[in-house]
Each structure stands twice: as C-alpha cells, then as structure tokens.
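Consider the two complexes below, in which subunit A is the common component and subunit B and subunit C are the respective partners.
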Partner chain A sequence: MIVADRKPLKELLEMVEDCDKVLILGCKGCVTVCNVGGSKEVGILALTLKIARKKEGRLLEVSEKTLERQCDPEYVDEVKDIVDGYDAVISMACGVGPQFLSERYPEKRILPAVDTTFFGGAVQHGIWEERCAGCGACGIHHFGGLCPIARCAKSLLNGPCGGSADGKCEISKDVDCIWDMIVTKKMKEGRLDELLMLRPPKVWTTARDGGPRKSVREELVQ
Partner chain B sequence: MTDLKSGSNLEKVLKAGHFAFTGECGPPKGSNVEHLKKKAAPLKGVVDAVNVTDNQTAVVRMSSWAASTILLQEGVEPNFQMVCRDRNRLAMQSDILGVYAMGIRNMLCLSGDHQRFGNHPEAKNVYDLDSMQLISMVKKMRDEGQFLNGEEIDVPPKLFIGAASNPFADPFEFRVHRLAKKINAGADFIQTQCIYNMDKFREFMKMAVDMGLHEKCYILAGVTPMKSVGMAQYMAKMVPGMDVPESLVKRLRGAGKGKVAEEGIKFSLEQIEEFKEMEGLAGIHLMAIEWEHRVPEIAERAGVLPRPKV
Partner chain C sequence: MRLSYPSNVKIIQLPCSGRVDILHLLKAIEDGADGVYVAGCLEGECHFLTGNLKAKKKVQYVKKILEEIGLEPERVEMFNLSSGQGPRFAEIATEMVERIKKLGPSPVKLEKAA
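Here is the complex of A and B:
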C-alpha cells in the first residue's frame, strides 16, 4: 500500500490560516489501512483544528467526509455539490487524492494533510516499512525476492557496499542492510554464484527518471 | 611498452614487480590551491601515486579532477577518485574523458559514503551506477573504445582502473567474492580499507590467494596511522566499515601522554613489515589523513625509499 504520515498541526494551521470553513476529506484506501487518513483520522483532525483555532480566538467551521477512494474520478465526483461551500478542502489521502481533487475542482483550494512517504507495509502494529520504489521494471527475482533499489540506501545492484556491518546499513543501526539479507539468503540456498555475475546498469527509463508515467490497458479503454 | 593499459607510473611500478607505495591527499574545503600544493609537496617522489579523494565522507571539497590536475602540474601522479553518489552516467563518462584529456592516468572507482554522513545531508543522491558498473564502464571505454551505450569514443581514455575492497565489512564470507567480482568487472588494482584487525586481514588475504585473485590484480593494503586515542575511538565507532580492535586502542592509550602518535606510527610500520612478506600483496596504500607532511618520515622508516624509477 501507499504509506503516509500526517503533517504536523502547525503546518496545517498555517495552511488554513485565512479560512473560516473547511471540508476535510478522508479516503478509505491505503491511508485508512495505515491509520493516517480514514474516517477516524478525519474526525481527530477536525476536532484538533477546531480546538486549536478556538484557542486562537477565531472559530473554524469544519465538515467531515470520507470517500471510497480519492484516486478515482467517480468517487471524487461525489462532493461536487458541496465543495463550493468551503474556503478550502483538506485531503487526507496520499498525494494522488489532492491532485485528483485539484483537477476536478480547479477553482477550489485543495490542501494536503499528509506527507506521502512510500510503498510498503506494516512490519508490526504501528510500524510500516518501505518495500518498493515503483521503478517500473521489477527485478527482485534476481535478488532473492528482495529489492535493493528500494531498500539499499545507495540502490546498489552489485552490493553490499563497504559500510555494511552486523546486518545493518551504514546510514543507521535502525536500517537493515538489504544486501546482507540477499547474500545470506543466496548462500543458504547454495546459489551464491548468481550474485557473482555483474548486474548491468539499470535502465531507468521506466522509473520516474523517464518522466511522468502512464499505464494504458487497451482492452479497458473505451 | 605497448602492453601497458595506461602507462601510468603506478602501473609501471607494479608491472615491473616493485612493491608499490601510494599515498592520499584530500582536496581543500575551498579553492585554496596553495594549501593543496603544500599538502601534496611532501608526497612528491615519496609515493608512486597519490589518491585524490572525491568529496570524501560526503563533505564538499574542491573537485577531485581539478585537484588531480593541480597535483599533476606539481609533478605528483594522481589517482583520481570517483564516487557514484554525485554523478549520473553522463557526468561520469564526461569527467572520465576530461581527466584523461588533462593527463590523468589512474582512476579509483567507488560507491561513496552516503550523503547522510556529510555536510549536505539534504542532498539527493544519484547512484545511477554502482561501483561495480562504474569499473566495468571505464574498462569498456578504455578497451573497446565505446561509451556505455555502445557509441564509439573519439580517442578512448586509457586509464589504470582501481577499486576498493573492505575486508572488514559484512557479510565477511562474501567480501572475497566481492573482490573477485570487482576484478572480473575490470579492476587492475585494489586498495583496501584501512587495516587494523590483522587477524581478519590475514584470513581475508589467504582466501584471496586461494582463489588466485592476486594473480589477476594488484592488491595494495590500506594503512592509516592513528594520531591519537580519540581518532582510534572515532574510527571504531563513527566510520562505516572500520574494524578497530580494542587491543589497539589499549596499546595507544598505554603509550602515555605525548607518545600516542609515535605508537600509532610504530603500529603502522609493524603492519607494513608484515605486508611486505604477506603472500598476495603488491603494495601499500598509506592514507595519512591530514598528516601528509609525516609521510616522508614514515616511508623512510618503512624502508620503502627511494621509490623505483620506471
């Protein structure tokens, strides 16, 4: 899923400084699963903003709504009759949501309430980790099913570098060295020879480096 | 001399079978040419080539290629270092052509320390290629006269290709394989990480020799004299991939006030004596960090002077 973190309250308050009436829009997709932008978090943010503004002596009127998904025009459409009544719409979806809203409602101020961080999953309750960099050409089968593009701090395809120590990355003792995991796995499998061949330079055209990407499935296009 | 790959002094020294002795010089944090010249001067004639670091520890300094050309003008042969952190394949190839055009003949290919350690941790890193792919690319440019994309190069860069090896990083059992991989990718010579854990290094070299790696490539052992107990502790804790045994820290501490630096040099000299006899080693790479002026004395006491004229 797409993982995100909520922005600090201070930043959000600055965004709505000149607003009197806002709509907070949650999303039932990834951000609900990672507990950052579902209906529960919409409610918490609404209350938090109202209290903070009350302290400042300027009331903020806040409405709440959570869409099925914000990355789908069909659902984004659902608020067409109400957005005009607000000074701004605060989206709690990943970075896709506020952009779909901005494109659908070009006259409206759309504000992001979360910082979208990565494609990942929960490794334990309350802790999410990155797993995929969305490079557009998956090659994890060469690396024991583990991705060095997303998980090596240097995206090395021929690792590990000289900074790997005790299974940890040189950048932090809190970060696993993915290359240590890849090598250990291949050694256990008796397939170390697969790592001894030079992996050629990555073709980055399918990644973000090739420009904004688009996926077209002819059979679905009407 | 047509069988030489680059014709660099370092290559000639190694090919002639001499025990090589290379040094290191970090470019200044600024455009202070005089400072650079002053640091490089003691190395002239004392080492076979001088590594010129490339924004080492991810701290911005005068560019490695520019500092290398200044060393060249001073009569000191540079070993131009390039890291994968700061350049994509376009910039890399263009700088490789540039340094060759300026007369540089040695190049060391490195991944580079992550920018988190440096003075611009906010930077975006590149890592378009990794060090293995960089080695392979320089070899292709030199031997096939082609860019990475296969296009022909008008006057290919004839560089003596170096790479680094850290026997002390993990997983230990893989390190010698990684060394082999770098040699297969095209490394002509290897300079190791600073060695302090001699037991582990002996074990590493034995594996390298058993695999015959020393016959395919020149391996230079990395030596950095400890200047103080603080430096030893800093290296042990803060420098990625460094293995400083507690026994060495103890030995330095035991030297007593004012005598630690001398004890550090003594340790390095003992290492060098052993390295001279160690099977598979072709030389020493002395990284006297911000201690370039002490190199002549260390070289003298290590018995590696005068340097061969080849």
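Here is the complex of A and C:
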C-alpha cells in the first residue's frame, strides 16, 4: 500500500488560516489501511481543527466525507455538487488524491493533509516499513525476492557495503542490512552462486529518470 | 459507602475503558469540557485483557494533539482503579477537579461563550 503520515497540525492550521468553511475528504484506500486518512482520521482532524480555531475565538466550519478512493475520477466526481460551498478542500488521501481533486475542480483550493512517504506494508500493528521503490522494472527475483533498491540505504545492486555489521545497516541499528538478508536467503535457497552471475547494468528509464510515467492497457481503454 | 465527590464530574458509563475513542475525548473538549478523564481497571486486570491499555494509548494520543494545538495536555488523563476502590474513585474525582481548577476554564469554552 501507499503509506503516509499526517502533516503537523501547525502546518495544517496555517493552510486553513484564512478559511471559514472547509471540507475534509478521506479515502477508503491505502490511507485507511495505514490509519492516516480514513473516516476515523477525518473525524479526528475535523475535531482538532475545530478545537484549535475555537481556542482562537474564530469558528471553523468543517464537513467530513470519505470517498471510496480519490485516485479514480468517478469517486472524485461524487463531491461535485458540494465543493463550491467550501473555502477549501482538505484531502487526507496520498499525494494522488489532492491532484485528482485539483484537476477535477480547477477553481477550488485543494490542500494536502498528509505527507506521502513510501510503498510498504505493516510489519506489526502501527509500524509500517518501505518495501518497494516503484522503479518500473522489478528485478527482485535476482535478489532472493528482496529489493535492494528500496531497502539498501545506498540502493546497491552488487552486494553489501562496508557499513553492514551483524545484519544491521550503519545508518541505524533499527535498519536491517538488506544485503545480509539477501545473501542469507540465497544460502537457504541453495542458490548463492546466482549472485555471482553477471547481469547488465539496471536500466533506469522505467523509473523517474524517464519523466512522469504512464501505464496504458489497450484492452481496457474505451 | 456514601462517599462524596465533586458534583461537576459528569460520568459516562462504558462496558470497558477500551471502548473509549479518541473521537469521544476530542468531542468532549470541543464541546467545552474543561477536562476529561478515563477511569479504567487496574493494569493487568482487564476482563478483556488489554482494554485499559488501549485506552491509555488513546489518552496519550489526545494529550499529544492538545499539546500540538497549544492546549494543556493535563486536561486529559487516564486513571486506573478497581471497581472495589470506591474511596479511590472519589479521591481521583477530587484530584482531577483540583487540577482543572488550577488550569482554569478551557479556552475553547471561553471563546465559545464569547
């Protein structure tokens, strides 16, 4: 899933400083699963903003709504009849949501409520870790099913650096050295020799180096 | 026992302190409550195992939010006591009311009234 963190409240309060009426839009996709932008979090943010503004003696009217997803036009369309009534729309979706809203409602001020961080998963309840860098050409089958691009601090593709010690990365004792894990996994698979195979350098044109990316499925396009 | 405790404490009964939600605590503050506290069972003695521990984390989260927006986090608190500790219940109510009196009325309430 796409993982995100809520922006600091100070930053959000500054964004709505000149607003009297805002709509907070949640998303039932990834941000609901990572507990940052679902209907519960929309409710918490709405109450928090109201409390903060009441404290200043300036009321802020806040409406709440959570869309099925904010990365599909049909769901973004669902608020077409109500957005005009607000000074701004605060999106609690990942970075995609506010952009779909901005494009669909060109005259409306759209504000992001979360900082989108990475593609990852929950390693335990309340803790998420990065797993994928979205490079556009997955090669984890060469590395025992583990991604050194996303999980090595230096994105090394040819083995661990000198900073690997006792299975940990030198950047932090909380970060596993992914190359230690890759080598261990390959040994357990009985395929360690595969790491010695020569491979051509990775082509990065499928990553961000090739500019904004687009995926077209002809069989689906109408 | 006929214990007396401050009459300005409004009690909301729940089947378990684990049912308390961040939204409930914030809603009380938004509605102008000067303080909110959760009275849960003693740690390690939750009938549902971790209800009181979950409540504690939610209270801590609300404290963090209040601090971030410039309100005293002491306005929200978690207490642990058993259902057999009547005198302690009255003591906690008095302690919390004293604490809130020292802090003064909630600025949220003040502005609401203005």
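To be clear about the criterion, the second predicted complex is superposed on the first by the 219 of 222 C-alpha atoms of A that agree within 3 Å, B and C clash if a C-alpha of one lies under 4 Å from a C-alpha of the other, contacts with A are read in each partner's own complex, and residues count from 1 in each chain.
Operating definition for what follows: contacts are C-beta pairs under 8 Å (C-beta built on N, C-alpha and C of every residue); 3 or more make two chains touch, one makes a residue touch a chain.
Given the structure is predicted, the values throughout are model-derived calculations rather than measurements.
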Partner chain in contact with A:V83 - subunit B first, subunit C second, else both or neither: neither
May I ask you to decide whether A:L196 touches subunit B, subunit C, both, or neither, giving the answer as first, second, both or neither? first
First (subunit B), second (subunit C), both or neither: which does A:L157 touch? first
Is A:L146 touching the first partner subunit B, the second partner subunit C, both, or neither of them? neither
Report for A:I51: first if it touches subunit B alone, second if subunit C alone, otherwise both or neither. second
For A:G43, is the partner it touches subunit B (first), subunit C (second), both, or none of the two (neither)? second
Partner touching more residues of subunit A, subunit B vs subunit C, is chain B
The subunit B residues in contact with subunit A across the complex are 84-85, 89, 111-114, 116-117, 125, 127-133, 136-137, 148, 164-166, 169-171, 173-174, 177-178, 180-181, 184-185, 193, 240-241
Contact residues on subunit A for subunit C in the complex? 8-10, 13, 40, 43-44, 47-48, 50-52, 54-57
Once bound in the complex, which stretches of subunit C touch subunit A? 22-23, 26-27, 29-30, 65-66, 68-71, 107-108, 111-112, 114
Within the complex, which stretch of subunit A touches subunit B? 153-167, 170-172, 177, 180, 183-184, 187, 192, 195-196, 198-202, 204
